[in-house]
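Order of writing sets the chain letters: A, B, C and D. Residues in each chain are counted from 1.
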Amino acid sequence: MTNLGFVGLGVMGSRIAQRLLEAGHHVTGWNRTRAKAEWLTERGLRWADSPRDVATVADVTFTMVTDTRALHDVTGGERGLLAGLGEGKVYIDMSTVSPAASRELAVRVREAGARMLDAPVSGSVAMLEEGRLSLMVGGDPDVFERVGPILRNVGPTVTHVGPNGHGALMKIATNLGLAVQMLAFSEAVLLAEKGGIARETAVHVLTHSAIASPMVRYRGPFVLRQPAEAWFDVGMMQKDLRLALEAALEYGVPLPTTAATNEFLTAARSMGLAHHDFAIVFDVLAALAGVDVRGDGGEL
Amino acid sequence: MTNLGFVGLGVMGSRIAQRLLEAGHHVTGWNRTRAKAEWLTERGLRWADSPRDVATVADVTFTMVTDTRALHDVTGGERGLLAGLGEGKVYIDMSTVSPAASRELAVRVREAGARMLDAPVSGSVAMLEEGRLSLMVGGDPDVFERVGPILRNVGPTVTHVGPNGHGALMKIATNLGLAVQMLAFSEAVLLAEKGGIARETAVHVLTHSAIASPMVRYRGPFVLRQPAEAWFDVGMMQKDLRLALEAALEYGVPLPTTAATNEFLTAARSMGLAHHDFAIVFDVLAALAGVDVRGDGGEL
Amino acid sequence: MTNLGFVGLGVMGSRIAQRLLEAGHHVTGWNRTRAKAEWLTERGLRWADSPRDVATVADVTFTMVTDTRALHDVTGGERGLLAGLGEGKVYIDMSTVSPAASRELAVRVREAGARMLDAPVSGSVAMLEEGRLSLMVGGDPDVFERVGPILRNVGPTVTHVGPNGHGALMKIATNLGLAVQMLAFSEAVLLAEKGGIARETAVHVLTHSAIASPMVRYRGPFVLRQPAEAWFDVGMMQKDLRLALEAALEYGVPLPTTAATNEFLTAARSMGLAHHDFAIVFDVLAALAGVDVRGDGGEL
Amino acid sequence: MTNLGFVGLGVMGSRIAQRLLEAGHHVTGWNRTRAKAEWLTERGLRWADSPRDVATVADVTFTMVTDTRALHDVTGGERGLLAGLGEGKVYIDMSTVSPAASRELAVRVREAGARMLDAPVSGSVAMLEEGRLSLMVGGDPDVFERVGPILRNVGPTVTHVGPNGHGALMKIATNLGLAVQMLAFSEAVLLAEKGGIARETAVHVLTHSAIASPMVRYRGPFVLRQPAEAWFDVGMMQKDLRLALEAALEYGVPLPTTAATNEFLTAARSMGLAHHDFAIVFDVLAALAGVDVRGDGGEL
């Protein structure tokens, strides 16, 4: 049982915090929009007035925010998390940001006397609830050793992949696979459909086939019915692909299928679909295939 | 318990026949190279002298061969399977051939008084042995009804996807996903690796992540060590992609990631890697990334 | 001055025949639809009743038809061109067909005692009229030598590229460049346009830039106003890309930009644009970019 | 005749300055490495000790440097060009930088009392010497009017494309076409070559065909013999593609062939070819096609 802090209690963050509470930890939290996280206080979460306050009372503080800018917002400044860190404390960032940004932040954390890990998660809320989330962790081995048991409360699969920034890198490498798999899945469904197989049947077969990754099983049915709320939308996915493509340019790795897929996400944005789950690339491809995707008169 | 026949006892075919024997069926078999299937006679397989003889003694005959040409060889001619068919018999082809070729064969089977299903399987030998194979079946519903229980002895997931030829179509739609997923996986591994993460670590994380399809879990580790024997080589995969691209041209479905991936399989062949498992696309991409793939002095 | 024959007097064929007449040759012609070529009889063309009759009276006979099937139609059978060939005659095919089909035909021509060249042309009618057409010729050098002066009446650029079939191969290699250049041009125009530059201005600059090939200069302005009549439509271009992709599969050459472009031509067909000039790929890309291409209320 | 200034006298810049001298203008110049531009002083160029000094004596000052960083170096600081500008002066940047960077600089120029145009050039030194260069100009129309005659001394094709930054945008839109055309050209050559046509022959035919843009005519022969000195290398081209891809992401334009080509430039860098002319993408594709590019024992 440890004193934990959690900054960024959105869709995923709040559920991870809940899991930590259920594992028996004390958790102090903060979110930009308090109302969204109110339900957690009924489950034992204590509220703090700023990221700084969270870091002050916690031994181990987590952040999970949408991008590099949001990360700067909650870590920097007078009320920021860095101001609350100190000797012996550990800070774990679960956001998906550029490896370089993560490394820079780790330096500042060390200057504040504390230690940092980058520990982004791979998987949806559904996978979290099934206890099948995986964490890829960057940072010093001794720090990883210390907080490993806590991370496994979230995981269960937790892998130390290298020094600071490498967790972030591993995450964006993973996410390029999500986007490409979704477009390839869409190609398969549309090929079957235009050949005469019912879309429902094609989705059923594919989500039970050798290509049925957790992502395909979860997101594949979205081509039948897009979800009311997007947990990972086109904009967020393209942010990650951009990080991947930029890292690839720096390290010198050609990414042929990633680059091709990225252009379809751009198309999705230009066609007004930015706030849909990124499974909407199916609709972009369907438009090119002359298929009327939503016979219901156009949810889009 | 039924009198079954099995023509084409290669790597996958022989193991499916074994499974049918274990389920309690009588199985009569034939293979071009008898020696390869000898081990099955010890498990109860009866040997026949031709595909025709198999079809003559069996109520339900299966074929599983490498391509359309091989299918013509075992079905046509004096000693061919069609000559042994007759009223009341069922013929089930598990090969991956073009939907059109499959439909044409179904017509000839009906002319012989029998009925045909196309029932290709998705999955590796590993998935078969774990009992996680899936079958996509094309043909008339009443025939599917009759032999469904036998197919589920192979499966267990068995889906009727439409009339004759639709099983074949669903299979090639599935297989394009295999190829694309493997190239995208390679992109992810190389991005992680050139960014400083050990290849073993990257493979471990990715095979436990949201992109870990059965294919990725099975074939992903091949980028660490290519298998001694290829069960599905570059040539076979490219045969399937070609079927997919031709069907897509006919039906009017753009396949952007499939088309990009197909070019890498062509490259694999031109680089002398045609007989490796198609996971070797990793090596093609690695060459472009300037990565020395096999430090062991070059198995390639 | 030679006795020439011309079979296939379509848009391009008829203008080449006109050019041969203007160069002082006797030309006997045949076209499936006679009315389309009537205007040439006023310029001296003599009409024949069949391809066979053309070949009977001519020393050198040309064909220019749309595809392999049409080529079989005019060469085979009782009224076909092959039946009119004989010792000392030369047959020159200017169609774009597969290298293999061309080689096979050359064998049959030789069996008839005559000799064949494949001599497809690169360039539009506009380039022909400006005298800037180029011919790529496959066949034996001595035959090429004999009819070279006649070919240069069409050209003027005439290059002997190798034995039978190599002219056809060189042509499909050239044509993949046309398609890719058109899509890349569309990317450039749309990037400029969505960044705030008028489309007319972008087209003007690009058609006077380092990328301004004869194709770009001729076809670039089509993105401002599609032509009333398509001289080279989506279907014809995709036929050529298919020949290129099949040859590339056989010879083992990856064609990354060709494969990507081919998918956009498939999209054009599925969006109902098959009979437009292939410059219509601009509209396909514009749809993906969320650009209303034809503010005029939709010529499409 | 005007008092002109020229900062950045590299391969292209020095030849443009020479052209301005030949047109009868006074030209004062500065280059980071004076020795490289020494030959121009013999042709009338006067030397200044800093970009600031150039701008002080000139009415119209040009810059032509390699990238945004170099542009900041010559414009900012105590010895920078901005410090020498003032009322009534015009500053024309011919470098290829991001549209945003160009717009920002224009604001600072105006604060200094002067006016700016962005006027990048499209074309090689060869095209300049043949008098076939084209300029795409961004900025206010009245300024364009004033210095138009001077720009036409360089051009001759000079097009005003819009306000500040639009010249830069038009340039990167043009350059994506260069890269794609070169890769497509390589595909065509290799398809012909592996089909049996001599590479020299294929290059000859293609450089005289409908795809023969000025770029193709100039750079196509490089696949036979790479030039000793690269005037536009892989690194420079990829810098421009990156600007194009980033602008496309911002404006929402999918760039399928550009994205595919960019991955081949990344490959070229990773294969150690960064400092070759970007025509070296031919070698990257040839490696994938299993073709030994340089039989001479490997210049690469």
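The working rule: contacts are C-beta pairs under 8 Å (C-beta built on N, C-alpha and C of every residue); 3 or more make two chains touch, one makes a residue touch a chain.
Treat the numbers as computed from the prediction; the structure is a model and nothing was measured.
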Furthest chain, CA centroid comparison against subunit C: A
To the nearest 5 degrees, please report the angle of the rotation taking subunit A's Cα atoms onto subunit B. 180
Roughly how far is subunit A from subunit B, going centre to centre by Cα mean, in whole Å? 35
How many angstrom lie between the centres of subunit A and subunit C, each centre taken as the mean Cα position? 52
Could you grab the centroid distance between subunit B and subunit C? Build each centroid from C-alpha atoms only and quote it in angstrom. 41
Which subunit B residues reach two or more other chains? 248, 252-256, 260, 263-264, 266-267, 270, 288-290
Given the complex, residues on subunit A that touch subunit D span 238, 242, 245, 248-249, 252-256, 259-260, 262-264, 266-267, 269-270
Can you name the residues of subunit C that touch subunit A in the complex? 256, 260, 264, 266-267, 270-272, 284, 287-291
Would you mind writing out the residues of subunit C in touch with subunit D in their complex? 99, 122-124, 127, 134, 136, 157, 159, 161-163, 166, 169-170, 172-174, 176-178, 180-181, 183-185, 187-192, 194-198, 201-202, 204-206, 208-216, 218, 244, 247-248, 251-258, 260-261, 264, 285, 288-290
